[in-house]
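Worksheet for the structure shown next.
Which chain is which? They are A, B and C, in the order written, and residues in each are numbered from 1.
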Amino acid sequence: MDEDVLAVTTRRSLYEFVRRNPGFHLREIARALDLSITLADYHLRFLEKHDLLSATMDGEYKRYYPRSLPGDVDAKPALTDVQKRLLAFLRQPVPLKILAFLMERESATHKEILTKVPVSPSTLSHHLKKMHATGVLERVEGADRGYKVGDPKAVARLMTTYELATADQVDTFIRVWGEFRV
Amino acid sequence: MPLRLRFLRLRVRPWLFAVTAASALVFASGTAIAGDSDGDEIPDEIEDATARTLDIVTFPKPPSPPFSLSVTSQSVGAEVDDKFRVRYEEGEFDVEYYPVASSGRVAARYSLEIMNLVEWRDSVQNGAVDPGEVTPVLTLGSGGFGARPVEGWNASSADGGNVAGFRIRSNDGGVTLTLVVAQRFLRVAQDKILTPMEVKLDLWANHTLSSTEARVGLELAVDTDDNMIFGGLPWDVRNRFSVDESWINVTGGPAGTPSTVFFSWANEATVNGTQGLTNMTVPEGAQGPYRMYMMYPAGLTREQTVYHVSTLGVVSQAFKDLIRPPVPLGDAVVFVSSFVAVATIVGASMILAKRRRRKD
Amino acid sequence: MVAVENVIVAAVMVLALTLTFIATLAWRRTRDVQLVFLGIAFGIFFVKALVLIAALFFPPIALSTLIVVWGAFDLAILVLFYGFTLRR
């Protein structure tokens, strides 16, 4: 599985665990999910950075807690239009890969994204254009023109909360026919 | 479950499978490209289906030389096999068609007698044979044939069919008739294929004209109790077995299922090696026998050698049945079970693909 | 073998239906209007197979008529596929 998408699913598992088991510390969480301490720490920091988790020091242990309110553990708030558009992209395998890749970095050029997302340059341009037009991605001007995620916190929150794209037969169909162009 | 795991580990390249399957389907479902092993432009498939059996009887029996003959040709493998018979005796041919070979009932028949060799002088120069313009010069018919025995021969065509031939000479040797009949389609000239449903009748005539303005001709008598029509497009031409022919056809039998027998002839004949148009007169007479004159083209000299091709044939119902392609029929059981089978295969492939993705 | 036509048409129907269904799912997922045309193209394959089944079960249909009808369907399918390749 693609590293970046794997990162997304690992973070989902971590977030779910913390949501169901608030107050566990790093070593306990890592052991429970069979992750290395380093990897668990890396992803938990990411979630903390994007305001999905909070951490408090309890003596020598850092304990993690979900950010959502105690009464609303299972509630999924109504989505805004922006969020709906974002979610639509997260449910498509190629845009998901693009977003997962960009979430790990400040920004990336078309060429850099192409190394990780297995589609033709014209197809990638098509997706980037669409995501830029809807505001999900922003352009980065300068020496290395590229793209970055517009609202990483919103993307991170949606990634951990909602069902994402799974690579299935329909995805293959979309990808293959997506290449079928003049 | 070891079997399933083994299957999952099988490295099947999907695109290769798809290409192979598609190619196999195209080859399998395509109808066989018609072969034509003897190059007569009739596909082998049709030749095989429409080959007939030939039964030839000559009379008197050996050791006496034969003077008359009978050719019986019967279809094979039709839903209802038919039969036709061509008999010859002393310058007269009889053609009979039996739509049901086993019944012994003739549906249509005619007789053709080669009466006289004639000379025609178009005194009025109108191209028509007017009274008084025709002079018989050689008696044929029973008086002119019958002194010389019939010579027969057999051969095999390129695709292994039996071909029988007979040579009939007039008593004075001036006219020779050649009969050829084949079990299978046989290309006899660039513009003619001899079908198994007919007998080819070639005429050779040697004659010295009384004047260069005259033309050689034949006086024929056609007799039938059935309905005769002169003109129209001959069956052989309509079915592209020959070109540039004319015919008389005789139709008889029940109104619902009429049978047709015919005499057709080439519109051109060769005189002293040069081709020219023939001229057949419209049959005269309110009822049979109908008198007809076949006039051959003019030549440059008085000594004339004439060669002309004609055909004694039948329109075979069995032939029509044998060459009709089978109408594909819907088979509900086969269709439904195929649908279910393919749906199962497609469903299984989707499930296997899903499992493979989960493993990746 | 007369029955082989039934096998082939059944197979065409199943595959055409499957591809139409997948194309519909793809459109719902991406909301890409162009995929509708793909779905229609595969749908026409299915309709073509229906016509052929009708010809098998309710003969006779003149071969020339059948060729015109099939040709029209094939043309429609190919036009849709080709149009799909021209999209932005």
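Details
Convention: a contact is a pair of C-beta atoms (placed from the backbone, for glycine too) under 8 Å apart; a residue touches a chain by one contact, two chains touch by 3 or more.
Owing to the predicted nature of the structure, the values given are computational and were not obtained by experimental measurement.
Taken as a graph of touching chains, this assembly is complete, with every chain in contact with every other.
Central chain assignment: C. Criterion: smallest distance from chain C-alpha mean to the mean of all protein C-alpha atoms.
When chain pairs are compared by contacting C-beta pairs, B-C ranks highest. Remark: chain B and chain C have CA centroids separated by 44 Å (rounded to whole angstrom).
Mean C-alpha positions place chain A and chain B at a centre distance of 82 Å. Centroids of chain A and chain C (each the mean of its C-alpha atoms) stand 40 Å apart. Multi-chain contact residues of chain A, defined as those touching 2 or more other chains: 169.
Interface residues of chain A, counted against chain B in their complex, comprise 1, 167-169. By the touch rule above, chain C contacts chain B in their complex via residues 2-11, 13-15, 18, 53, 55-60. Listed in rising order, the residues of chain B touching chain A in the complex are 350, 353-354, 357, 360.
Within the complex, the chain B residues that touch chain C are 25, 28-29, 326-332, 334-336, 338-339, 341-343, 346. Across the complex, chain C is touched by residues 88, 91-92, 126, 169-170, 173-174, 177, 180-182 of chain A.
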